[in-house]
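To keep things clear, I will list the structure first and then write my remarks on it.
Which chain is which? They are A, B, C and D, in the order written, and residues in each are numbered from 1.
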Amino acid sequence: MPQFLAAFEVGQSKVEEERRQQICRFGRWMYRRGLVVACQGNLSVRLDEDRILLTPAGACKGRLAPEDLLITDLSGAVLSGAGEPSSETQMHLLFYRERPEVHAVCHAHPPTATGFAAAGRALDQPVLPEIVADLGTIPLAPYGTPGTWEVCAGLEPLVAEHDAILLESHGVVTCGKDLATAYYRMETVEQFAKILLTARTLGGPRLLSSREVEKLMAAKAGRWTARPQGSVELPLEADARAYAAPGARRERTPFSRHRAQRRNAR
Amino acid sequence: MPQFLAAFEVGQSKVEEERRQQICRFGRWMYRRGLVVACQGNLSVRLDEDRILLTPAGACKGRLAPEDLLITDLSGAVLSGAGEPSSETQMHLLFYRERPEVHAVCHAHPPTATGFAAAGRALDQPVLPEIVADLGTIPLAPYGTPGTWEVCAGLEPLVAEHDAILLESHGVVTCGKDLATAYYRMETVEQFAKILLTARTLGGPRLLSSREVEKLMAAKAGRWTARPQGSVELPLEADARAYAAPGARRERTPFSRHRAQRRNAR
Amino acid sequence: MPQFLAAFEVGQSKVEEERRQQICRFGRWMYRRGLVVACQGNLSVRLDEDRILLTPAGACKGRLAPEDLLITDLSGAVLSGAGEPSSETQMHLLFYRERPEVHAVCHAHPPTATGFAAAGRALDQPVLPEIVADLGTIPLAPYGTPGTWEVCAGLEPLVAEHDAILLESHGVVTCGKDLATAYYRMETVEQFAKILLTARTLGGPRLLSSREVEKLMAAKAGRWTARPQGSVELPLEADARAYAAPGARRERTPFSRHRAQRRNAR
Amino acid sequence: MPQFLAAFEVGQSKVEEERRQQICRFGRWMYRRGLVVACQGNLSVRLDEDRILLTPAGACKGRLAPEDLLITDLSGAVLSGAGEPSSETQMHLLFYRERPEVHAVCHAHPPTATGFAAAGRALDQPVLPEIVADLGTIPLAPYGTPGTWEVCAGLEPLVAEHDAILLESHGVVTCGKDLATAYYRMETVEQFAKILLTARTLGGPRLLSSREVEKLMAAKAGRWTARPQGSVELPLEADARAYAAPGARRERTPFSRHRAQRRNAR
């Protein structure tokens, strides 16, 4: 082998080694912070055009060693590694095939966000500006039996335009330009769910007005090029500011509207 | 002693030493993750046909040393160890006597799942596919005074067909083919309780339909041989999909049905 | 000094050193587990008949060094140590003066139990057998301005017969025969509050019947001699078992009774 | 350079080095305790009259190195450091310009307190004496698009008289005479929000009476000189003691009053 090719291989394997270490580190964080328990969840990273590095089935993500990971091609065929690939591998590959700029995918079961997913509720209201600016809406992919193509069928229409998606009756999946970004988005989704749950207990969140959302979108267009601006379909309501009375504001949420209907039906 | 027997003994004591280390490690995890506080909970492992290794009474499970553990036979008589065995020893032995394939038992008081147990509510609705596939239902064993045979009387009819059981007004017990499995099931029960509590706050969880549950059971039959398929008695309701309107769906849960009765009774 | 007295002094100072280390360790635990934040809470240990070792005012309990602690007599006069004693010192001394068998006191602000204290609600229902057997009831001491004698005035009638007490609009205080016991009781109170909050969200806890409570008291009488049996004033209701229907059971809790009154008053 | 000036510079750079270490340490605490996730939040410290040391934009605060930090002047111009300053820099500078005694500012998104901020609710009821004595009220600054002057416009009227402020639909900002004080106040705000949420679930918190609040203010005047006494605008209600019946007490909270109005409107 010519010397420059050997040096290239050494460089490549060094990058791969770093990626393996990175998956183990974020796996530990995911487990310690309670975003998964037991052997739940999986993490993957794109190594190059054809190869994906990902976590094996049935292992605690808090205790992975770099050599436990597998490499597959974009169809899911195992190229190296001793274990079985995660039963959710096809979900990861869906992101890599559809989105060339995505280099990492994270799947977990954070308890509060999964509570929303189990209740069949998306996180799609414009409540926190930083969520709107980074993630737009967080939609709910319809239920599919885990480990089957049903999961991908529900996800497919959503993958192109969203970086974080709730999986009905199941959990959450996030992606990003690198593993840190995908992982941090998982933390962010769970935190948003916690904030929203508290706000609902207190009478419902204040919704950002259409003008406020537009300002955030404009700022975002300048900073974020990886995602098209049109991907965000927020319920652009009239200015919440115009409805300062708490009673009036609360009537504007889907919840209180529903409650009002039930009350009237008695 | 012939040499091969000495070698056998050395091998056996090495296995025992590993089991002791393992109980101490999962004890620390159990305490650090808040599944127990103070001196609550206990862990045990089957050493061989006649001997069980288990945690002593009245010690913090987060600070055990390998030499603190006791060995008893299947009747509970202490074979070695200085302390007193846990007052819940008989609960552990019940699993070992009834289920030859069970090699570890874990008892804890995780706060959310114990909240369900204190409210007298089982975790028996088909909400998350991974819970259905691994644990089926999580039933509620009726209350018995701790440390008496009443606890076992309530558990006995449930032990054969369940790997995780709520103990009314008390806590949770799980078992498995090894300690990691039993421990991870404890984490999973608490996470499920958290998810369910959130989903209830948001209007109630979406229930899996009978067809969805059957698919999971079929897949499970292939993967899990340790537990008979018939052990799972899920409330197989008609397809939830057919009841997409949130009001209609909610009427199908036992809670809302109860609430409706009270409303009508006014 | 004769040699045996010197040896005694060395032994005594070794015990004191161990006590200092112990307070620092449980201070770290208290902070890391979220039982206090910032510079809240305090810990103390009885060194001998006249001397109490306790934490200084205004320090984070998660970052104490052994030399930060103070020694006072039973009136609160500082015998050694550079800082100012905690403003809650008199609360600690009250326990040491009234209860010769108490050797440690722990005060903290665990968020859920303090939520009960801020709502003016005691933790006095017989819900979990292990709480009944160890702590009996956890009463609510009426509010007093912190750092004044008002706090002690509210506590005084309760100290003789309780090992854990809620302080209205303030926090929790626990005591024990050693620091581990007092600290573990603080963890246990917070866990009980979490369990009770969850159970209330689910329709209310199942209450232990008078017969069930009596059984626990009888068992306790044999194991615990430090506390008189009569100290526990549990609301001994008729057998909850006789009220199996959830509606009926719920009517028996003070909450639902109150709710029923409000409903009738409409 | 004369020797004494060199010694002064060495001393100064040693202080700066300590401040850098301190920001990294409290950044780790902030992240580990869940007061921020992902790359949220920022911390700053006053180095001298003209220079502020602060965290860079877009970095995880749990993984900062001392050399990642930036130094700006009071207008926000970068004096040293490679990264971009936080988009919230102007919020920090507002405190340093308006309050000469403030030497540190902390901004985070603790989930419970941010839930109050997302619901548009201040933490301004006199519930816990230690909150009243240290922070007075915690007001809600009206929403402004993050990273714009709107945020400062909403904060400006509140900065002079408050050490902890909720930012509507966004998060929390605290300040103090040093970084430990500012950080501990962030922990305290989140703990207060948790306690209040629990108390509300249980029927509402007991409010301190005007006499109780006045006593705390009087004690505070003696201990705290940095903040003017008049800064605290508490809703001084009549003695809550006079309203001992739970129903009566609950009618006094804004929540129950609102609920009562809705009930009457049916």
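Everything that follows uses one rule, which is that a residue touches a chain if its C-beta (ideal position, glycine included) is under 8 Å from a C-beta of that chain, and two chains touch if they have at least 3 such contacts.
Note that the structure is a prediction, hence the values are computed from the model and not measured.
Asks: Compared with chain A, which chain's mean CA position is the farthest off?
Replies: Farthest by centroid: C.
Asks: Pick same or different for copies chain B and chain C, depending on whether their interface residues overlap by over half.
Replies: Chain B and chain C contact each other through largely non-matching residue numbers.
Asks: With chain centres defined as C-alpha means, what is the inter-centre distance between chain A and chain B in Å?
Replies: One centre to the other, that is 30 Å.
Asks: Please report how many Å separate the Cα centroid of chain B from that of chain D, as a whole number.
Replies: About 43 Å, centre to centre.
Asks: Could you list the positions in chain C whose residues touch two or more of the other chains?
Replies: Residue numbers touching two or more other chains: 197, 201.
Asks: Using the touch rule from the top of the page, what pairs of chains touch, sorted by label?
Replies: Every pair of chains meeting the touch criterion: A-B, A-D, B-C, C-D.
Asks: In the complex of these two chains, what residues of chain A are touching chain B?
Replies: Within the complex, chain A contacts chain B at residues 34, 37-40, 60, 109, 111-112, 114-116, 118-121, 143, 145-148, 168-170, 193, 197, 200-201, 255, 258, 261-262, 266.
Asks: In the complex of these two chains, what residues of chain A are touching chain D?
Replies: 33, 127-130, 133, 180, 184-185, 187-188, 190-191, 194-199, 201-206, 208, 212, 215-216, 219, 246-247, 249, 263
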